[in-house]
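We just call them A, B and C in the order they show up, numbering each chain from 1.
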Amino acid sequence: MALLEIQNVTRRFGDFTAVDGVSIDIEAGEFFTLLGPSGCGKTTLLRMIAGFDLPDGGRIVLNGQDLADRAPEERPVRTVFQSYALFPHMTVEGNIAFPLQMAKTPAAAIPGKVAEALEDVRLTGFGKRYPHELSGGQKQRVAIGRALVTHPAVLLLDEPLAALDAKLREEMQIELINLQKEVGITFVYVTHDQTEALALSHRIAVMNNGRVEQIDEPSRIYSFPTSRFVADFIGTCNLLEGPIVANSGGIVTIDVDRLGQVRVAAPAPSAALVAGTIALRPEKIRVQAAAVPSAAADSPDNHFRGTVTEYLYLGDVTVYMVTTPEGRKLETLLANSGAGRTKFFEVGDAVELRWPAEAGHFIGRSGAGR
Amino acid sequence: MNRTARSKLGRWLVSGPPVLYLLVFFAAPALIMVLASFRTPGDFGGLAPLVEDGRLDLNLESYTRFFTESVYAQIFVKSVWYALLTTLFCLLLAYPLAALIAGSAKKHRDLLLLLVILPFWSNFLIRVYAWMIILGPNAALARTVNGVLGWFGHDPVPLLFSSFAVLVCLVYVHLPFMVLPLYANLEKHDRALLDAAQDLGAGAWQRFWRITFPLSLPGVYAGAALVFIPALGIFAIPDILGGPEDSMIGNVIKQQFLETRDWPFGSVLSIVLTVAALVLAGTAAWVGRSSLGTPSSTKAVRA
Amino acid sequence: MRRRPIGLWTAALGGYAFLYVPLLIVVVYSFNDSRLNAEWVGFTFDWYDKLFHNQDMLVAAGNSLLIGLTASAVATVLGTMAGLAMYRYQARLLSILVLAPIAIPEILMGVSLLIFFVLLNLTLGLISVALAHIAFCIGFVAIVVRSRLAGMDESLTEAARDCGASPFNAFRYITLPLIMPGVIAGALMAFTLSIDDFVITFFTAGAGTVTLPLQIYSMIKIAVTPEVNAVSTLLMLLTLALIIVASKLSPSLLGADEEKT
């Protein structure tokens, strides 16, 4: 039985359905992320787990018990707020001690637990400071310390790193991963930043318009998106769509407009499917100068010719937009790993693109994939 | 108890006591006063018993009296007139003050505002008394004025116990109420609008009359309501500073309740005053809501 | 800072002068060695001396203080509850009940309470005045508290609940300490309003009870002596001190926006 079961939960605000029949099982000790664009319902769902909002339909079950209409203070769930919500009139110690006082912990035991929490978030020695004397990152850690000090069953984090600058965010991400491993508490994390989600999570639930599109490990979400939305939302993706012209031996061939026939490995797709999309990540496409003699024409790999029309230099990698003679644009990615070289191609270069059938990921017309 | 019931209980516990207190000590007396307006005066003043010989003693005598004896309507009209004049003069005096504060540097504003408010927080009677001194027959002002009038062969004019004294004091007492809403409004004006107007060739008066003033109207209405309504019901100022001709409706009400002791009639007068106050408050609120709360550039451009 | 037209400066300064000169005259003449408030004769503390030996005045001051403390205490408690309810629950009925006493002319409350107390056979005296004062002070406290609440970060109350605090505890340990400056400001304001009130007290005090404003009134009507100036000056100083303290605690008293805590 999963630690936290969200069973067919729905929440409506007037005509607007914020959460639409969502079911998710979260295991104990997981770092689970709700990922999606603004308005997809992830924060609403989080607030319902915390108890600040009640579902219109469905149940939220923790450790086998229906949380039902229990008030936030009655749930063994703690939240780290986006604005940190540190009590300005209390010191760091005061803030962290507060949940212990509310839980009627004996006064003698409190200082010890507070010290422990401060150690966990690496803020020992900051106990007597006030929130307004702390930096953003430090406030963040106090908020986490306060949330963890009573060892809740689940820790909810609502886009906690959104207000930090890029460098600090990266540091905090690593700290969060280590912290979660150390304390072993289940984290439910909400973010709209897909790189963050990929980096932090054991599993991700991608949400859109109140529904869950896919729940999976980060690498599988990235490589095997089950819907166009997920493919497009996570990283960048070339989406090659068209009618199915052949389907046998584990290979589906799709006729893509302005490109040609593209083969993709897809074990046992339903014979009823008539069309589909191939999700092709840019880094999976091999780009060579057209002058290089190409491999044997009957190789099972996909290969096409094109011209470099734009490029985007990103420091560690360069994105090259390649356009086929018929006008189709494909995005490719090359690491700038050549010693001394900063660029492989110029605008106008003729290139050959090739990738094996296994490099792409097949998504059937209705979104059902592998 | 489930959560919705618990939060409802919490809501009642918090809003209950003040609601209860005000129902008992504000709403109930108001209703009783309405009822009293239909009753008969007691033999020794106050109210006659509600139930006389087993019958409910209610009548419209007091109302009839108000609508037939014209003197009361006249006094009411005079009160309205005084209140109107007060509002007007308050506006004229308050506008420069509010404009000055609104245009000042941020760090000065709090102090300047405080200086406007402080007199308001001094005792009301003291403020009235101060004018008694200033307008007193032996004080410098009266002697100067009468001296000047004497040159022209005019009889001395008493400054005290006159309409002039009443009006001056009415304006004095209510001035802060006009300054505050005006300031709150003017403070939000976009300086850029005036700069643009100047750039387009508008002179100082033009800029004020065609841009600043129209945009400040919501503040003007709010201030007018805050001045007019209390001024309408004032009695202490005419009582202390006014002559026999200066009675306002407040004075008559006081007289009816404490001297003549015709409580039903006093109640009628109070109700007329209340109705007038409510109508004006309602109008001010409606006008204030229909014109923009914050100044917008389009409105200024169209003006 | 742009140069403002000379006309505006003059008019504004005139406005300030208009506001303060009368009060200054009262203060100055309280030290005037002359019975008439007409022209300056010489400096003296006599009037203050007479004041402190004036039995009626001392009794009136004592009454005002007693009523002021009682009324402001009760009004602060009820007003804070009202402000909280108005902010959290947007209670319509409560808002109207709380704000109406402030919006209507005072005399209406005075006379309606007179009828009310008499019909209840309640002897007019200190208690009736205190009850009346509480009624109109609640509104002022509520406004200040509500404004203070609006400036407070909502997520703090949620965080408190999240940490295991019941709604009551969240209020007690988090909300209340943070709005306390506003509560105190409201209390000081209520006290000042009560001490200074004339109209409502006039109708609800009955024959035997005198407060400071009522005493001043009778002195003005019957026999004006500079003792009135003296007591006025003292009263002004007291009010000044209270309001300055209150406005430091809660800038909203000046119509300024509350800072977000």
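We take it that contacts are C-beta pairs under 8 Å (C-beta built on N, C-alpha and C of every residue); 3 or more make two chains touch, one makes a residue touch a chain.
Here the structure is a predicted model, which means the values were calculated and not measured.
Centroid distances built from C-alpha atoms place A farthest away from chain C. Taking the mean of each chain's C-alpha atoms, the chain closest to the overall C-alpha centroid is C.
When C-beta pairs in contact are tallied for every pair of chains, the largest tally goes to B-C.
Work out the mean CA point of chain A and of chain B, and you get 62 Å between them. Chain centres here are Cα averages; for chain A and chain C they lie 58 Å apart. Chain B and chain C have Cα centroids lying 18 Å from one another.
Contacts with at least two other chains are made by residues 71 of chain A. Within chain B, not a single residue touches two or more of the remaining chains. Residues of chain C in contact with two or more other chains: 167.
On the side of chain C, the complex with chain B involves touching residues 1-2, 4-5, 8-9, 11-12, 14-16, 18-20, 22-23, 25-26, 29, 36-39, 78-79, 81-82, 84-85, 88-89, 91, 93-94, 97-98, 100-101, 103-109, 111-116, 118-119, 131-132, 134-135, 138, 142, 167-168, 192, 195-196, 198-199, 202-203, 212-213, 216-217, 220-221, 224, 228, 232, 235-236, 239-240, 243-244, 247, 251, 253-256. By the touch criterion given at the top, residues 54, 69-71 of chain A touch chain B in their complex.
Residues of chain B touching chain A in their complex: 2-4, 6. Contact residues of chain C toward chain A in the complex are 153, 155-156, 158-167, 169, 173-174, 177-178, 261. In the complex of the two chains, the chain A residues touching chain C come out as 50-52, 71-73, 77-79, 81, 83, 85-89, 98-99, 102-103, 146-147, 150.
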